[in-house]
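The chains carry the letters A, B, C, D, E and F, assigned in the order they are written, with residues numbered from 1 in each.
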């Protein structure tokens, strides 16, 4: 069962000045392909299905943390955009037109969040691989946001988020390695046919 | 901040027999246009932005409850589909091919969840109207699922969900009525022009 | 059966100067989530199915009026954008690249119109609730456009449209109230179970 | 300006028996990629922008006729599906779950109508080519529906629609030929460079 | 079977200066509705199914050429955007945030490539019509890009592409004319009913 | 530059009997989220941008091989579906209605291919992680198709494809390990902050 505490936030979020331009960029990690909603829905879904108690625990803890990152980003986007009417890009207008000056479920170029951002096939080994990849992509996008951020408070928040995505990748990696030793699931018959040993050279020279 | 308890479920979920056909139908309310993810993301987003403490509280409480309904549906879909390979419809296959026999973020006809299912414009009066409408639509779909359900345990779960959507609609209604008395926001200038009094008859006779 | 008169427009549309920037913003209400195509397709579909003659008439009249608003917006967008090559935002380019300087079926951030913008479940009470909510959202977006408009002719057009959305909301409200008195459909069993009386407090304090 | 007559239908629509299975197939031509909404929105948009009075007239007449086909299909789908709860395919359920037993804006496999089904670039020659192609595709799909139809009343309706798409293709073809003689627009510099005369052989033998 | 040569490019691609703004515009023809991926996937799919050896050859040759155009555009977009952090539009940021400064599968306004951009119904006459229309639309968009381009090297590349789309249209036209003489497929029963001869006047005066 | 050989296929494809039902399932791996078009477009895009000659070679070779798998699947789907009119599921009809009895760019539940299936952020380490994950997911789906296949010729084709996805995963893994030793890119600052060492326990007990 899910609960919420209104008086807590995983990491303090504040901004020096409103900046609807940067608010739009942050929406990429709120509702984009490598964003927090996608990650949260991916891990929670996997966690609720998972039968391995240790991995289930990991998936649900990290899934919940991504929802807590989501809350931080919504807070940041609201602070950066509210009360501001920016006209620089169409997406900034959209924050006004559609969101009334607050976060909405669009990415940084105005595409709505899509359920197919979630990469999961219900096989634990494949899913952990997908999770590691998702964390690496999220980290890469956060690092680019960090490079473009100028507000020290936003930079600090992004540093926290980058560190956490790193931590998640490392945790998923350890869980995957444990699982691989047990030789279960998709892993068990890996590389056991003649075709699996071949290399086809289709792009020359 | 969001928390989760693995040992609690808002309402007990069990099934008499696996039934991947009905599992697919339930996915409509998990990830469809009037489903629980859409409702949860709608109310949580509104709640985190809302400045009226009473309405904020209402939005976050109901938003969290929708996520708890989501958890119930994932549990039900997993129980109904796991270990079963059904071939009746393409969507049942999809539960196997894509979900490995568990819930995925598709609706009952295989369309991925979409961020534009969320109806919100950041104006409290308009948003509460949208929430009431969302609850009525959800109730209508749940009632149709209830009519087609044969498993008494699933029927009981659906009755609970129908009652709760009714309750939410009533709560949103009361909050809206309070707000309307204060004549704020979108409501304040309602019906004050000549054009607002006209009726155009475009479809005859 | 549908007819069209080339020599009539519901409300006169003209512009003081071309303004491709504002043209893009108007596309939100042409082809966006709360726009005129969505509203027109929603009410016409409901109207053609509706068996209550009075409500059917209302749905088709308002549905046709939304198509007439659509025609006004296409006219306005064409006047604002044609002959202009603007480079301020990607969406303005798109009006050139894709539309050749005229309206296209994209919203203000370049997302194509989507059939799931239409909220309808084929239950008259739920559908009227959805229609009222759609009118409130449309009004909210038009009011924001009005605040950003500088051309007095465009402002006048937007005032007309705002008034009409208000009028529609009021008409749908009256139709809903009549229907609710008859205790039919989704309404009839409202709030009649133990669960419907409970309040769950998931977000504290 | 658009008008509607409730007492008229372009061609009489009736069905021998309910058949929700065929209703779903017809939805392909209501809201699918080559369906009537796509065609109607394509031609009306082009017509409202077109400055050549003769072509404008043609585009708006045919655009309106596609909306009248749309009305016929909605009528047919409602008659075929209402009062029936079919369980054969997920899409038939969807007509119940989502549409309450009536037409909805999905195609035959449950994908919502999409604005990018409309092929238009605001160049009259290119647009007429796109319109001819759209009519050919629509005719092809209607012919396949006709082959699978068993109800003589539905077959008759489909024959009418097939004939009309043929007629539209021929009308657009004649308009295009007239335009091509005037050597305007995209056509004027056709095939005038060295590269335009070459043939590249990339797939051998 | 598909092959690739790393040391060849259909036409030399270079740029005078980085220009992430124009890079975004070019993405319209990479991954947009009338772009090269859409064209390549359309013709290759048709070609692999086609049983007429001459038309099959044509479809596969042109399909492969569109993939070679795709390669040119990726090269151009990478050269125009890499090493640059532009902040003018949200879409330019997206090239950085999502693509790390290189091409991605989005169009010029940030919408992901969509399989329904491909217009094909598996009837050779209808498909060739769709292909001609696709070439005309692609040519129209390339001509607009050409008008906005300032870099002479990019202009030259666009001139090549415009010429090739013209050439493709002419080739598809000749193939269609041959096929039409044989009176097969969708063409054979064209315009043979009373309804096919009528003109409905729905838009007056 | 891309070439094609009509007289070659990476692996011989034949079917014992038409089976439009299985044809639809195979479409999941043609145009679905973990399918061959997604993989081909992902690796080719990465390869054309990559500056490391060894990894570039790997990406383009495997990218081309995925396109060759795509060709095999199109061939298989065409053989399984052509000449057959199946009525079991809506998606089988769609193969007829939309594809005329051949492959189309939809997945097994009728959703069009989407550019956001491609997971790439333009960082080599993150991209190789995404590629490994993509291969694991593809392998998982192919194994499920293999379990449901009854035609020995199709089973053999699927075994080949499973082996190849395994091989690709192993090759990407080796390339990633090499890269990680060089401590470049996203990898270099991994796990170096206090936050990266913490574990948050959000789901209890």
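Keep in mind that, in the parts below, a contact is a pair of C-beta atoms (placed from the backbone, for glycine too) under 8 Å apart; a residue touches a chain by one contact, two chains touch by 3 or more.
This structure is a prediction, so every number in the text was calculated from the model and none was measured.
Shared contact partners of chain A and chain B comprise C, F.
Here B-C and A-C were compared by C-beta pairs in contact; the pair with more is B-C. Note that among the pairs A-B, A-C or D-E, A-C reproduces the D-F interface, with over half of its contact pairs the same by residue number. Chain C and chain F have centres, each the mean of its CA atoms, that are 40 Å apart. Note on chain placement: the centre of chain A and the centre of chain F lie 22 Å apart, centres being C-alpha means.
Note: centroid distance chain B to chain D, computed from Cα atoms, is 33 Å. Shown for chain C are the residues that touch two or more other chains, namely 2-6, 10, 33, 57, 60, 63-64, 68, 89-91, 98, 100, 106, 109-112, 114, 116, 121-123, 140-141, 202-203. Chains touching one another form the pairs A-B, A-C, A-E, A-F, B-C, B-D, B-F, C-D, C-E, D-E, D-F, E-F. Of all the residues in chain E, the ones that touch chain C in their complex are 21, 24-25, 28, 32-33, 89-92, 107-111, 140-141, 144-145, 147-148, 202-205. Contact residues on chain A toward chain C in their complex (touch as defined above): 2-7, 85, 87, 89-91, 93-94, 96-98, 100, 106, 109-112. Those residues of chain C whose C-beta lies close enough to touch chain B in the complex are 10, 33-34, 47, 57, 60-61, 63-65, 68, 111, 114, 116-117, 119, 121-123, 125-126, 129-130, 132-133, 136-137, 139-141, 143, 159-160, 163-164, 166-167, 169-171, 186, 190-191, 193-203.
In the complex of the two chains, the chain E residues touching chain F come out as 1-6, 8-10, 31, 37, 41, 45, 48-49, 56-57, 60, 63-64, 67-68, 71, 74-75, 78, 98-106, 112-116, 118, 120-123.
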